[in-house]
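Okay, so chain A shows up in both of these, paired with chain B first and chain C after.
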Partner chain A sequence: MKTYDVIIAGGGHNGLACAAYLARAGRKVLVLERRERVGGAAMSEEVFPGFRFSVFSYVVSLLRPEIIRELELARHGLQILPLESTLTPLLDGPMSGSYLAQWSDHDQNRRELARHSPRDAEAYDEFGLLLHRMARAVKPLLSTAPPDPASRDPRQLLDLLSLGRYFRGLPERDLHALWKLLTMSAADYLDEWFDSEALKGTKSASGIIGTLLGPRSPGTAYVLLHHYMGELDGVFRAWGFARGGNGSVSAAIAAAAQAHGAEIRTQAPVSKILLAGERAVGVVLEGGEELRAPVIVSGADPRRTFLGLVGEAHLPDEFVGAIKRYKFRGASAKVNLALGELPRFTCMPQPGPHLRGAVSISPSVDYLERAYDDAKYGEISRRPYMDIVMPSMLDPSMAPPGKHVMSIFVQYAPYHLNGGWNDARREQLGDTVIDTLAQYAPNLKGAILHRQVITPADIERIVGLAEGNIFQGELTLQQMFFLRPAPAWSRYRTPVHGLFQCGSGTHPGGGVMGASGRNAAMAILGARA
Partner chain B sequence: MASSYELTHEREYHVIRSAAALFDVSPLYKYRVSGRDAAHLLDLVVPRNVVKAEIGQVLYTPWCDHAGKVIDDGTVAHLGEDTFRMTSAEPNLRWLGDNAAGMQVEITEVSDSIAALSLQGPMAWAILESLGAPQLKYFRLAPARIHDIPVEISRTGYTGDLGFEIWMKSADALPVWDALIEAGRAYGIMPAGMLALDIARIEAGLMLIDVDYVPARKALITSQLSSPFELDLGWTVNLTKERFIGRAALAEEKARGPQWQFVGIELDWNSLERLYAEVGLATRLPSAAWRMSVPLYAGGEQVGYATSGGWSPLLKKYLALAHLRAPWFAQGTPLEMEITVEHRRKRAAAAVVKKPFFDPPRKKA
Partner chain C sequence: MTDTVVIGAGSNELAAAHQLLRAGRSVMVVEERKTDRYTDGWVPPQIAMPGLAVDQPDPWLRAVLPDGGTLELWRDMKRSTDAIRRLSPRDADKWPRFCERMARLAALLADLYLAPPPSLVDLRFAFKVRRLGRTGMEDLMRVLAMPAAELLDDWFENDVLKGALGALAVSDLQQGPRSAGTAFRLLHFHAGNSPGVFRAPRSNYAQIARSGLEIRQGVVQRITVRAGQATGITLDSGEELGATAVMSGADPRRTLVDLTEPGWLDPDLVRALRHIRRRGVAAHIDVELERAPDWKTLTFAPSLDYVERAYDDAKYRRISAQPCLDLAADGTRVHARFQYAPYGAEGEISPTIVQQHLPAIKRATVRSTMQLEQAFGWPQGQPHHAELSLDQALWMRPLPELAGYGTPIRGLWLCGPAMHPGAGVAGASGYNCARAMLRTL
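Then we have the complex of A and B:
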């Protein structure tokens, strides 16, 4: 029987990153992926003949630059194309029939914002600069295991001390700003800066992504910052699209892992983590095959890892309680469209650079909050928030010549839907999304060749993310940093010796970051055997 | 602003010092500040004394945040009873509005509705006179008519030469431009752009935001901040005023003495020539002004950095504007400036000299 130093259950991008780092350090690594392809929620698929989609996650920004560097992802085929603009079309209000566009050219952007509010045009630069400083302040937190302030472990105390020193070294104004970002709602925070409803609506949308909270819920300002931490070529808050879709990110990491000698097996679902006493010693596949290694890593979400693969009986009660209380509450859905022609937005009907960026249906904070109101009581938003990109505008290989793919991220579609999800409810969601978008781009319905609707229940079923939460658990403060996923177990270790965890359900959380995979690998390499 | 209207900026530069150059300076930010408290608001925001400015007077001034660090620099023109126009390089509508709380004052952004043309050079006055403009003293402004179009003319500019700026409604800017070009033809007028202006403003020792200093709002770290004293603008800080933004910090800094100073640097020709001669080349000079950070040394230690510089065809000198640490900013201090000669970093002898490098009597006459 072949033996391994490390077995990783789950070939999502974090599991793959963990494998790549461990293999790079000379460990014999095996990755086991349940599905026929690796990537988890970061995958591309030709859903309809000729039309390729980033079926689930669809943009790149948060992928840590050190991972791109260290794993030589560019050499392994990763190519990131910039998404340069955001268009918010408007139906009602003082700018009805017009739009708010955010462009990458500074002066063009300022002129456009000044059309809505000259004050906002000025505040925008200062706001951007402040969030830049905040992102920089938080950046060192992302690449390390978070120390627990309650811990007495000397190593953690040292980490805590150096972190404390680091934060003491920040200017006072930045500390105050950081505290506000950690505690406020996105809407309140943005009210301190801006007047324009369209701008506040669009900015606050970053604060609700993946979370069953509204823009007026406290804590959402942090989620907004989380989305500002992305960094491309040294620029914070830059968003891009991976050529070939987000599956290319996973493919590049997998190629790096394999180049370092890691073995990857697909269609190899892990059903159980094998224990010997209090130690993890291997895994059992669904077919009954047993594979053994002294170190097991789970890239699955905390619920699946602990309550599923390990089992409550083998874990301390307190820990089981914490994992049970850990909140998922998926709130997001995806609609992927194959289009015969480009959509014509009434506010900007000609084809143009705006179609190479994002289109955001977020005309105001009220609009988003009303969308949340529906979800709060278990319903699909009657008028949902949408973040739309057309990857075929940036990468023609995604669709047949002259045709296009459109990716629509939708919120809210609560996992805990009244009456539960079924085919009828899925189609209702698809219709709601298309009816809403058609108000802004009337030719849309006629342009649709195929549609794929993915509910939170589908995300759970297909990718295995509990309750369809795209971040393997909400990015709310009570389950962030040293509390992710559970108090005292935030540093990629678990109560089971030899069992480690990575994935968005661990620090620093969601998005296609790869940080937890890398951090977990570092924790394993630093651990005593 | 255009870089240049011809394929190279050389002729455009030379007319600034020999005839007249016409610049479109409309991209400046402009604010009309009016009402009972207009003077008080501006007096609060800038360190110079606005309350004492007479109607028709124009003040050049930086302005600071509460820590006494420079946010921006520009002009304040006293247009009429309780009416001012502020110009700036960066947007300041929000800053003015936030500081006007409780004041009876109206702040209007006129950046787009008011255009500005700058006519600079020894023939500038002859051209305006031929169009019937009134005589103006240095840093004064008066209403006038050019081909029956109402304008305001101020004797201001960014070249350190005899020069004027003409302010009018945007819709009137093209006819006024045409009138100036037509009247100026006999005086050798040329439209000119930023490349020509850049050399002229360095000769005049005038700093440029984002190039020679980082405005406080854009500073990412505290060492990027500058006070007016550190930018050689101590003369604009009127500490006899009871109250203005940044006063306390500036009073403290004045007592302490600034740790940095913004000075003029002149390279030693012989030293420069020697560096080129060592590799068998004739001395090479930059044809346009450069804008980058270049280290300055004294006794082997870095004591500052130049932020813009270039060759002055007029003065036949290699000039730079630089930030130097105390005590190396004193006039006459011998320094070395880094210079790349044939791909290798060398150091040329330089010295701190008085600025402006060029200051013709006609500027103020």
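Then we have the complex of A and C:
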């Protein structure tokens, strides 16, 4: 029987990144993926003949630049095409029939903002500078294993101390600004800066992604920072699109892992983690096959890992309680469309650069908040928030010539839907999305050749993410840093010796960052992450 | 000329004045308007005075059940547990443990409340937190950031119990119980109270604390500044009162932007002052009854969803169609809080909504947030002057630059409820302010 140093259950981008780093360090690694291809939620598929989609996650925003560098992802085929703009079409209000466009060109952007509010145009640069500074302050934490503040372990105390020293080294006003970002709602935070409803709506939208929270819910301001982290690295812009779809990200990481000698097996679903006493010693596949290794890593979400693969009985009660309390509450859905022609947005009907960027249906904070209100009580948003990209505009190979693919990220579609999800509700969601979007682009309905609707229940069923939460658990303050996924177990270790976690259910969380996988590998190698 | 002029005659200003007096300073209190009869909040021994009468209604909570009857929570844990058991045996079993855990966390807060706020990177604070032990620390970190609804859902199943506690957590806040950071408020108003009591008592503090102080009536028009130093105040009568220090219980924005002679503040600070959130959300209804009701307190907030829906209206600047009500009876007089009735919202606040819970009404007077602003000087009708939310609490209250009670103008101090710890502890903001000032002398 072949032996391995490490077995990784789950071939999502984090599992693959973890494998690549371990293999690079000379470990013999095996990755087991349940599905027929790797990538997890970062996956491309030809859903309809000739039309390729990033079925689930659809943009690259936060993939850590050190991962791109260290794993030489460019050499392994990763190419990121920048999304240059965001267009927010407007139906109601003072700018009815018009739009707000955000361009990557500074002066063009400023002119456009001034059209809405000269004051906002003035404030925009200052706002950007502040958020850049905050992002820079937070960035080192992304590649840190969060120390447990209650620990007595000398090494963790040392880490705590250096963390404390790091924060004490920051200017006090930056700390306070950071505290505000962590505790305020995106709407309140943006109210301090801007007047334009369309700008506040569109900016606050980034704060609600992946959570069942509205823009007026405290804690949503923090995610505004994420948009400034990508830009900061100077490697690529905040938002980009991987040539060939997001599956290319996974494929490049997988190629890097294999180049370093890692083995990847698909259609190999892990059903159980094997224990000997309090130690993990291997895994059992659904077919009954047993594979053994001294180190087991789970890329699955905390619920599946601990309550499913390990089993409550083998874990301390306190820990089981914490995992059960850990909130998923998926609220995001995807609608993928194959289009016979480009959509014509009433506010900007000619084809142009705006179609190469994102289109955001987020005309105001109230619009998003109302969308949340529906979901809060278990209903699909009657007027959902949508983030739309057309990958075929950037990468023509995604669709047959002259035709297009459109990816629509939709919020909110709560996992805990009143009456539960079924085919009729899925179609209802699809209709709601199309009807809403058609108000902005009336030719849309006639242009649709095929449509694929993915509900949170589908995400759970297909990808295995609990409750369809795209981040493997909500990124809220009480589930972040040293509380993710459970207090005392935020350093990728688990109460089971030899079992580690590397999914985005660990710090720093989701967003196709790859940081969890890399940090987990560092923890396993015993290196100071 | 007195040493210190204190603007306002509420519990904080009076507590400050007594501290100054005790240190041998001469003090003049300027009463701008008649203060409320009651002082809400726990009265720490450092602040208490002879003649203090604290009204601690027992049961401290009476929540109306949807099908008639009430859930009563008592100061006596056993009695509360029995009352809860009639609705949910499961919740009754958990109640004592919940109370015990909350009391431990609240004790840590109570410790912080009679001193200036700790700094965000204060190691002493960090060590204090570590002394809570693992469970306590984990609770604290989780609970501070949590929505009250999530905390309550973690522990309990009964809607009325959760609704009533959830409503307490969001009282006078433009947030609903599902908003993050509201669990912190449950702890905040619990601090200083016995385990299992999540509502601060009311007392006659602001009445008795007047004794021994020189108090005069007048409305402040200007705080005068010479060479960066506060030199006194000008009243609307034109009279000038000179002083070496001015301590203001008015809200920071009024104090620094409206009253202080312009030109002394950094524009960034002025901008920050304008952004202090202070949205009033509760209207008051004063009711005179034919006869006294047989209860002292009554809460109508039958579920977390009910409270959340009441908040939904407020988000869109509407008065709640189905508001949360909190009634306190004093003989035949009943004081009702009606939440949410946001400042400047459309719609009418109808007193009929409280009728269903009351015997025959003689007279009812509604005071909107706008009228409360007029009557009490509460900015936008917000009695806390600055909303008590995590981003405006502790070292952030009301702004990090002002958290130490002093201002960039020498001799000008802030002692109102917008300062740490704010509402919930009678006079503590004033007490802390006076002590901070005395330390600089």
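Assume the second predicted complex is superposed on the first by the 517 of 529 C-alpha atoms of A that agree within 3 Å, B and C clash if a C-alpha of one lies under 4 Å from a C-alpha of the other, contacts with A are read in each partner's own complex, and residues count from 1 in each chain.
Note that in this section a contact is a pair of C-beta atoms (placed from the backbone, for glycine too) under 8 Å apart; a residue touches a chain by one contact, two chains touch by 3 or more.
Note that the coordinates shown come from a computational prediction; the quantities given were computed from them, not determined experimentally.
Contact with chain C, but none with chain B, is seen for A:L477 once the two complexes are overlaid on the shared chain.
When the two complexes are overlaid, the chain among chain B and chain C that reaches more residues of chain A is C. Touch criterion not met for A:G378: it reaches neither chain B nor chain C. Legend: residue contacts after superposition of the two complexes on their common chain; A:R133 is shown touching chain B, with no touch to chain C. Note for the complex: chain A touches chain C at residues 149-150, 164, 167-168, 172-173, 175-176, 179-180, 183-185, 188, 191-192, 213, 216-219, 325, 327, 366, 369, 373, 376-377, 476-478, 482-483, 487-488. Across the complex, chain A is touched by residues 119-121, 123, 126, 129-130, 133-134, 137-138, 141-142, 145-146, 150, 154, 175, 178-181, 275, 277, 305, 308, 312, 315-316, 389-391, 395-396, 400 of chain C.
The part of chain B that touches chain A in the complex is made up of residues 91-95, 97, 109, 217-218, 220, 222.
Only residues 110, 118-119, 121-123, 125-126, 129, 132-133, 136, 171 of chain A touch chain B when the two sit together in their complex.
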